[in-house]
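Can you keep this structure in mind? I'll have questions shortly.
Order of writing sets the chain letters: A, B, C and D. Residues in each chain are counted from 1.
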């Protein structure tokens, strides 16, 4: 066991190790200046990322099937390591003045560990544990702008909504368990056509199918809540708006992305028998999500809230991609999440820097930004173009492949809806661009001195946004990993 | 076969002039731009004369006339494909020599040369002297190209180019709003006519499957498959051949200022007077006649109805223009209407003609009249130029008694007036006699119109003549009382007098050329013999007209005024040229602008674009409508959440079952 | 075997679920809402235990799951209450209706 | 010959411009870059002619293929035929002219030039692409720079116009996108134009996706009634952007309609031809009438662009060889003409600070060069022989007329009639602005064009005149491409 355990759990262990190190530092003393601690943490995270990247590809199954990992999952985790590092770098300015920087990292990394377990989960119990392990610290993180009322409000909304949602998710799991007698994701898939024998005895085969669908809907709602699918999305905007910017970024990219990875695995392996049901469900939800997200985003005046709704709309697009065939769906979704990570973190990075230095978060405050801060403006613009799917940014490729994957099913009305939504979404992204580049402002944001670490993060984001798409092998690599998915 | 390649240089020399003067005329060549332009056109004129000599004279046996007969055959001196559409259908740049084109290059280059020379004096000191010569060269190039075209589309190209150069020259005094308006009007009216021409070309070329004149005429006059297809296809009861030819004629009518497309010509007199002489009297305006003559075999042999249209439009235009000319007081306008009237003669002469042999008298007469008219009308305009130069006014009422101050001009003008009135032995007499004879032989009604018009012509021309040179001395006073005029233009320079003399000689002698030996409908020379008795009526009428004019305008009197008030309403109607301009203005301003243009612009801004903006507003409206969903209250969120689950469950378990 | 039928137990758990749901949707006090969520979790627990006992007694998956749910619920409640306390400091109230500063 | 240079040179120039300091450096580098492009395109022309003369009769020359997204069978695949060579030449000319007329563009000149070069890059890439994905990539690439150019450096209601333009063009490309997906899945999973041309595409697929592609590209080329971005966009844009927008950007759509929609789905093209022709005719006539009522010079040219681009669509809809030929000629001719027009309007606006026709007047006296350029552009617009538009329009007319059928004939006649209306509005505009007495005493102190403006104008006029005087040269270049097109479209039977 020993070595195998460590090899399989390498990434999780690394994260936990960092948490423990931080814990020791905390226990040791508070001699260290915050800057030092931040530097150390970022170095540690960098090492973590490097270690993850250099990790030998293994195919491991642990805990009696409760935990599994393979090359694709390792890649996913590496993506999140990278994302966390970027967020951590961007948070530098904010954390510098925060007295609980260490706690922030402990909670953040616990969350990350939870997400890792969730992605690797082989059964529903592990999945649930991972999910909660990520959610609960995140709720605490939302509250991290301690003096701000909005931050508390966001945290309350987050913890209560997610408690409610996980209760419903559990209810669904319990029904599923009742129907099939297993919690193992693989076995659930095997109970394919000879559906729930015992329940069929009680409810009849139609009834059993109905029960399964109902259980699936409940389970879906749990996922949908996490990834903000309409109508389970309502918490999103409020929480994103109220939380500190790095937490929002984390919520919108890492936590959402991880749930997507779990979700797509569950859909394509566990619930493959129900494919025809969930296909229609996804189509419906995707259209609703894109439309609602966009329509709400149109009317926002605060950048964070706008990005929140934009991220809801993006989820709709990801759902479109998810409806394709297993390989294309998987590859496109993972690729898009990678792209989305760079783009969204680019945008949030700028918001984080500006917010930490000036406290301004409204779109109007960004008027005339280009005059004073061309670098930030270009980062923002490139990120937004990527979110809008404009070439040559990676977002273009990401969206293209998502819709292309979705179109594989031949449902062109659906794809047209998605395309329409791309146009609508362009409007509000361009509003921000307009504010930054075109509008005059009497009191523009002053010339900001950007610290080294956030600057590095922003440059990485821009490089990612520009290169991930143009370099075709990134997609091809992901595709090759997904092929045996 | 003689080498005619040099013919290409005839249009190309003026083109070179245009390019050089257009590029450098403003600064570098400014000083000698007039000399340059004149020199080039002189070379072209000499080449033209040489070509005519070669074609009709010395080289006749070898080239122009085939060995067997004595007919002048068309020669395609050069040809290259300019733009090819499909096999067989291409625009070629070619040089076609046949009697009419050779005659035309001589006329065009000579008149153009005269005008170039005249302008050296007339336009001296103008700010845009170089530009003026550039435009003149452009016109000469286009006109020479037009007459040499061997391809109907090539002709169309040059046709448009002459229209453009006419536009540029009319608008030469661009800071005068009236000149600008006139140039615009000229361009648009002829453009409108060209639309007919273009569609006519499309019809003819589609069925004729060629754009080449020779092939086209051959195919449409013999029972070829193309001929059968175009005559069997019909639209609104007429064969497509009729449509095609009529549309082409509309193009010609526009350029030649036939009723009702003549409105631009009087206004075009806003241009410098030499330009009017060249373009709006001698050359460009007869392009329509030339066009019909070019396609004459088709008109005549295959489609008499279209030829009938030509005849009646020509006759009516001749008459109505002559009537209008009687009341005008602006010299140049009188001359413009007289031009229109004379072109009407040429048109109806073509219209009453037949193809080939003696029957082709009208054709020959028309060309002959074109030839003589070019000379004496250019002379008239140049005389008018001298007068205007001296008096600084176009108004006949402001002149009088100029015969002493401008003796040479007086003589020349008299010759020209006699020529246009058809008094023997001046050139106009011969050509007009033959036109009338052709009309007599074919259509008595048209003959009647022609005869009456010739009387009117004599009247209005001598009205002009007497008003300027005789009646009362006050014109003299005005001229003398104008100090500026006296100093600057005390005497007429040689450059202006020389063309007058040359053209006056032409008007005297051109009638003696045995024209029918050179230019006929089928190239076969014919002999014309007008009976002496036939000439009595027109000459008598002309003399009567002159007498009336002398009685009314020979001395200062109030006879004209009394006559005008005696016929009151009619006079006003004619004076306002039958209100045709007003009708046009009504159609364009009220109907096209207000009823079509304005609504189109409005619809575009408000409905089509409104639809786009409406889509955006609709989206915003929906967005506002659903904003309540995000109420900020957690329990509402939970309710939506729960409803979502319930909805999905119900929908997928009970309704949307798979 | 003289035991209570599974359906009865499921009925209880369903009732509990809806009671919890009702509480969650109507109560304005955050603590009470949290308690309502706990009720739902308990209904889930009952489900798990009942299914395990009645249908799949050969393995203990359901029971284990219940244990974990209880644990996590405790953790969740702890964090939730901590947040609420913090909210109370900022807002002087834990009325859910007042947490609607951010909307639309 | 390495065609990728057409993408690399603008890119390198754009980046270099962004790196330099101040207007002086920026403009010289842009000038060097765009001169390089022009030279390169002449080299391309020369090499292309050489290859063809040497008997290389393959469909596309200088092909280059590099796998891009192997998973989707997407290649970076470029190559040229005569049509693309002509379009590339057009682009190079207009970009150079655009850089020249923006010589003193400020503020933010380096951004301006950089965006302009990126636009050029998009256009080159689009015309070079033989892979639909690559093509789409470049198509969309050129949307946002337009938005920025109009929104930042524009005039009037610039933000509104820019947004409208961006949204409408994006809608167009969204439609194109759907059409591309349909083609991909309907034809055996390929985006390669040459491969797609080999595969028979079923009637159902054609019927569904032809409209998507045609309308999508049509929006770019002002297909009625989706043309409303044109007047606003053109009129608000800075001069160089207007030139580019009308000169090249609208041609992207036309090229797409031709190369993608019609070429790959000829059956559907035939089926929908009546609709296309009706819309094109409406655009031609209605656009012309709407132009007549405009007061702003830029609006005049914008609406006239709607009308003129109608000829392109009409030619494509008619599907006869000459009509298609005319459509391609019109693309090039209109590109040059409208760029010249916008350039001259821009020069006038820079000096007189107004574009309203009724406030201008007598400019010929104060700025003869600019006024002459303006008049030349106008004369070209109204189809004067010797200038390029005449050649193009006549070819379209002759080609359209070859399509028998009363409706087609009627459409042709209406299209012909529009040239009269064109004459009306062009002459009205030039009469009021250029001619007449000097209306405003302030105008009398204005200066004539500077050397860079003269250079730009002369470049464009040269293009117009060369095509107008020697169209056979261009026609020979286009001929093989159009022949191949017609063979594929199976439409050769329509020709006599």
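Convention: contacts are C-beta pairs under 8 Å (C-beta built on N, C-alpha and C of every residue); 3 or more make two chains touch, one makes a residue touch a chain.
Everything numeric in this text was worked out from a predicted model, so none of it was measured.
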Quiz prompt | Chain pair with the higher count of C-beta pairs in contact (A-C, B-C) | solution = A-C
Practice problem: Could you grab the centroid distance between chain B and chain C? Build each centroid from C-alpha atoms only and quote it in angstrom. | Solution: 97
Exercise. Report, in whole Å, the distance between the mean C-alpha point of chain A and the mean C-alpha point of chain C.
Key: 26
Quiz item: Just how far, in Å, is the C-alpha centre of chain D from the one of chain B?
Solution: 36
Quiz item: So how far apart, in whole Å, are chain A and chain D when each is placed at the average of its C-alpha atoms?
Solution: 43
Self-check item: Of all residues in chain A, the ones touching two or more other chains
Solution: 156-157, 160, 164, 168, 237-238, 296, 299, 427
Quiz item: What are the residue numbers in chain C that touch two or more other chains?
Solution: 24, 33, 96, 99, 101-104
Quiz item: Can you list the residues of chain B that touch 2 or more other chains?
Solution: 616, 627, 630, 632, 634, 638, 642
Practice problem: Please give all chain pairs that are in touch with each other. | Solution: A-B, A-C, A-D, B-C, B-D
Quiz item: Where on chain A does chain B make contact in their complex?
Solution: 156-157, 160-161, 164-165, 168, 210, 213-214, 217-218, 220-221, 224-225, 231-232, 234-235, 237-238, 276-277, 280-281, 284, 292, 295-296, 298-299, 424, 427
Quiz prompt | Complex contact set, residues of chain A against chain C | solution = 124-125, 128-129, 132, 136-137, 139-140, 143, 146, 148-150, 152-157, 159-160, 163-164, 166-168, 170-171, 173-175, 177-178, 181-183, 198-199, 202, 237-238, 241-242, 296, 299, 305
Self-check item: chain A-facing residues of chain B, complex
Solution: 616, 619-620, 622-624, 626-627, 629-630, 632, 634, 636-638, 640-645, 648-649, 651-653, 656, 658
Quiz prompt | Interfacial residue positions of chain B with respect to chain C in the complex | solution = 627-628, 630-635, 638-639, 642
Quiz item: How about chain A: which of its residues touch chain D in the complex?
Solution: 331, 385, 390-392, 396-397, 400-401, 403-404, 407-408, 410, 412, 415-416, 419-420, 422-423, 426-427, 430, 433-434, 437-438, 472, 475-476, 479-480
